[in-house]
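Shown next, in structure tokens, is the structure this report addresses.
Every chain is named by a letter (A, B, C and D) in the order it is written, and numbering of its residues begins at 1.
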């Protein structure tokens, strides 16, 4: 059973320096005209942690992930990722940090007129990986996600669940230090969900910090990790699964 | 050179995957260059023809009497003081008689009974080419009429006036349509490039999110822009050259040879046009893409 | 417990004339180069039935729904919807039939630069409903789906789960006789899923035939209805939940 | 009229929501109409000017002797047999003398000693306007030279030749650039419309899926096309009219008034241009949208 700690102050975990991957201090995000997507969020995620973000639809999970990967800027507050204040980063430095962050977006952001292999390769190409290494990695990932036969299919032709797996594959392809995953199993059946979680667990074991936003109770209720629940843009609870 | 490898791979992919819109842009650039160069060519040839037509412009000052050598010197000085000239020629009464006889040709026997000085003496003034505005000519002729001994100044007023108005009209028409067209062409090229890039904004955004540097994203597009500018201008100019050859071939009639001596652009102008086209396309791509990189 | 009937021959249910909403006979769909998305599918859905379609990711659920609403044409076989051979329909007749079919697509197909209200209204506008009736219906639906405050928001700005509900609202807005729903709860939490299912049940009670393609065991395992499982484009089982 | 209500609502929405691309299309149409009408106007005025210039074309047949009335009748018949003419005028030796005296003006006293028949008699032939091709004139002059008693035929060969070559050249230039431009404009309008519609293919597809009839989807776009054609052509023509007024104002110089009597299009042509523009835009929208409806 999870141990629920209402509105826990995350300062205590912040004290371990060099070990914090994400740190948010009093972060708010307001959209025009008056939508408070996030208000006063403070928490930290340690390096190597597997962290779950849950909450009802519209609670602000995606907004939070967007802030972490600098797709969006907070209205207020401070966000540090791997020791960098991500809102002050620009140009090359921002690009290099982003190469170390893999994101599986909720709307996938796949290039529908490119092949599956090209879509997965894109994150590796950007950091100038060798073509042979890229080919090898793409094949490995497709095999793990049971999509080997889709290697040369156009991404736009795939089924929704297949696309979701491609988006995930792209996010982990470049072996990033931080992986943000938004609703990775929304279009997947139980067996495929298992495979996806296996892949993520393996990445986590290899040292990557992973933040997963999800509704799927089956994936966050087992294992020993922290789960943060958002409600109307506020932290409702931050607890550690005891199992 | 990982960077350049990536850039060329990306540019190659773009060309392969979006070749229809690339081709449209290329066509637009070609047509624009063709139209621009066409009008520029007409303009330069028109100016050349104007120059050549006004070659035979001369003002004739009829004098009361044959001027003596001293008087000639004085008149020459006075004229040159007022305005620089190409040449000043004095024609005595007997010179005029001989010219007239020559003009009459076979019929010159009608002059046998005439005194050799029945035609007046005159000065033929050819003004400098650079000073041939219609108003300047008029001013000049008014001045010449005040010279001592001058009776009347003739320069085919009507003809000169017509000619000047006509060239001015044509120049204005060519300049106006040229401006109009160049505006249209620039607008079109810019719009086409913008739409092409807009059509790929998903890819551009993804590249940014995935950690591509601005140069990584931008360079392939600039390369494409450069290529389109280069190819477009070369094709446009080639088409114009073929057109030019065709027109030249159909206007080798004897009547126009001395009026229109068609010339194509000198190499310098060709190079400038190509460079200009490349510059415009590259700048167009640059500004269009810059919007995405700033978001 | 569901009663599993392997590869059941659906001819027996076809015998009740005037009562069959969807009828498929030996339908196959092959994509170039050689992807058998569906092969030899035969089944019927009765008028007023609530029918579930399940299967792993890539099994062919979406393809089947696309064939029913004539978004795609079968490579082989016959499809009848409400007594019409849907592949022979053209022009106005096809348009009128489509007005009677509401579809919630897996990829939503929302117009992201229009407001929520405009998106929902579109299916009613097409059949020339009165503006007042449209406004009323849109407000009702938004209330049932807890989206009242998003009435004038641009659809592109919404969270994924909110978009999913808008897509559903659009599919039922025009009170169609047949509702096809593809993965309606992939981005929704349990409580919101409940609301969505309530809405669909209400439509079903009002006489609409509903086909739901889903992975979510929680929604198809309760109630008394038939569940068809696809596997690799073939019917693996067609059973009736006994509860 | 539920259908028309829906159509107008949809068209209004489109205009509101995609006004930038609508505006771009509108601008393209305006520019295209402006360019087309501009060239067409130049062409018609050029033809008018050509007509007026060749008004003073006449062939002069110098005769050995004054022809008697009978001879005149015979010559007149022969000439008219060969080719229709505008007018034929006989000038006797004394007529010629008087004309020459008139031309000399003040200096006519030089002629006092001359016999009144020292100038030859002649026939002035003004050919029909419709028969004034350069080659026809040449043929005609060759025929006139064979007339009995004809000594020499003059018609300012050089001037006529130049004039014909020049107008022919200008005509070709205008036609060529006109064709080029009209092609470019049509291409541009078609491409812009296509891109505008392509940019909304999601909406079009959704409408189809949701059960909209083809007319429901198509009519708003056709309406937009019609509106763009109408507005574009009106704005383009207005711009041209302003330009035209400006040029006219700057060319009221006396020298050109008789050469170029500028005229704007007659109402019929204006209406045709507007209808043509509307037609093209509507057809463009129609074909572009038809692709989506067939899918």
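What we mean here is this: a contact is a pair of C-beta atoms (placed from the backbone, for glycine too) under 8 Å apart; a residue touches a chain by one contact, two chains touch by 3 or more.
The shown structure was predicted, so the numbers you read here are calculated from the model rather than taken from an experiment.
Between chain A and chain B the centroid-to-centroid distance comes to 63 Å (mean Cα coordinates, whole Å). The distance from the centre of chain A to the centre of chain D, with each centre set as the mean of the Cα atoms, comes to 69 Å.
Here the CA centre of chain B is 24 Å from the CA centre of chain D. Taken as a contact graph, the chains are arranged in a single closed ring, with each chain touching exactly two others. Applying the touch criterion to all chain pairs gives A-B, A-C, B-D, C-D. Here chain D touches chain C in the complex through residues 2-3, 6, 9, 17, 202-203, 205-214, 216, going by the rule given at the top. Chain B makes touch with chain D in their complex at residues 24, 27-28, 31, 34-35, 38-39, 42, 110, 113-114, 118-119, 158, 161-162, 164-166, 168-169, 172-173, 176-177, 180-181, 183-184, 187-188, 191-192, 195, 243, 247, 250-251, 253-256, 259-260.
Interface residues of chain A, counted against chain B in their complex, comprise 69, 71, 91-92, 95-101, 103, 109, 111, 113-114, 122-123, 125-128, 170.
Chain contact summary for the complex, chain C toward chain A: residues 31, 54-58, 62, 106-107, 157-162, 164-165, 183, 186-192, 215, 217.
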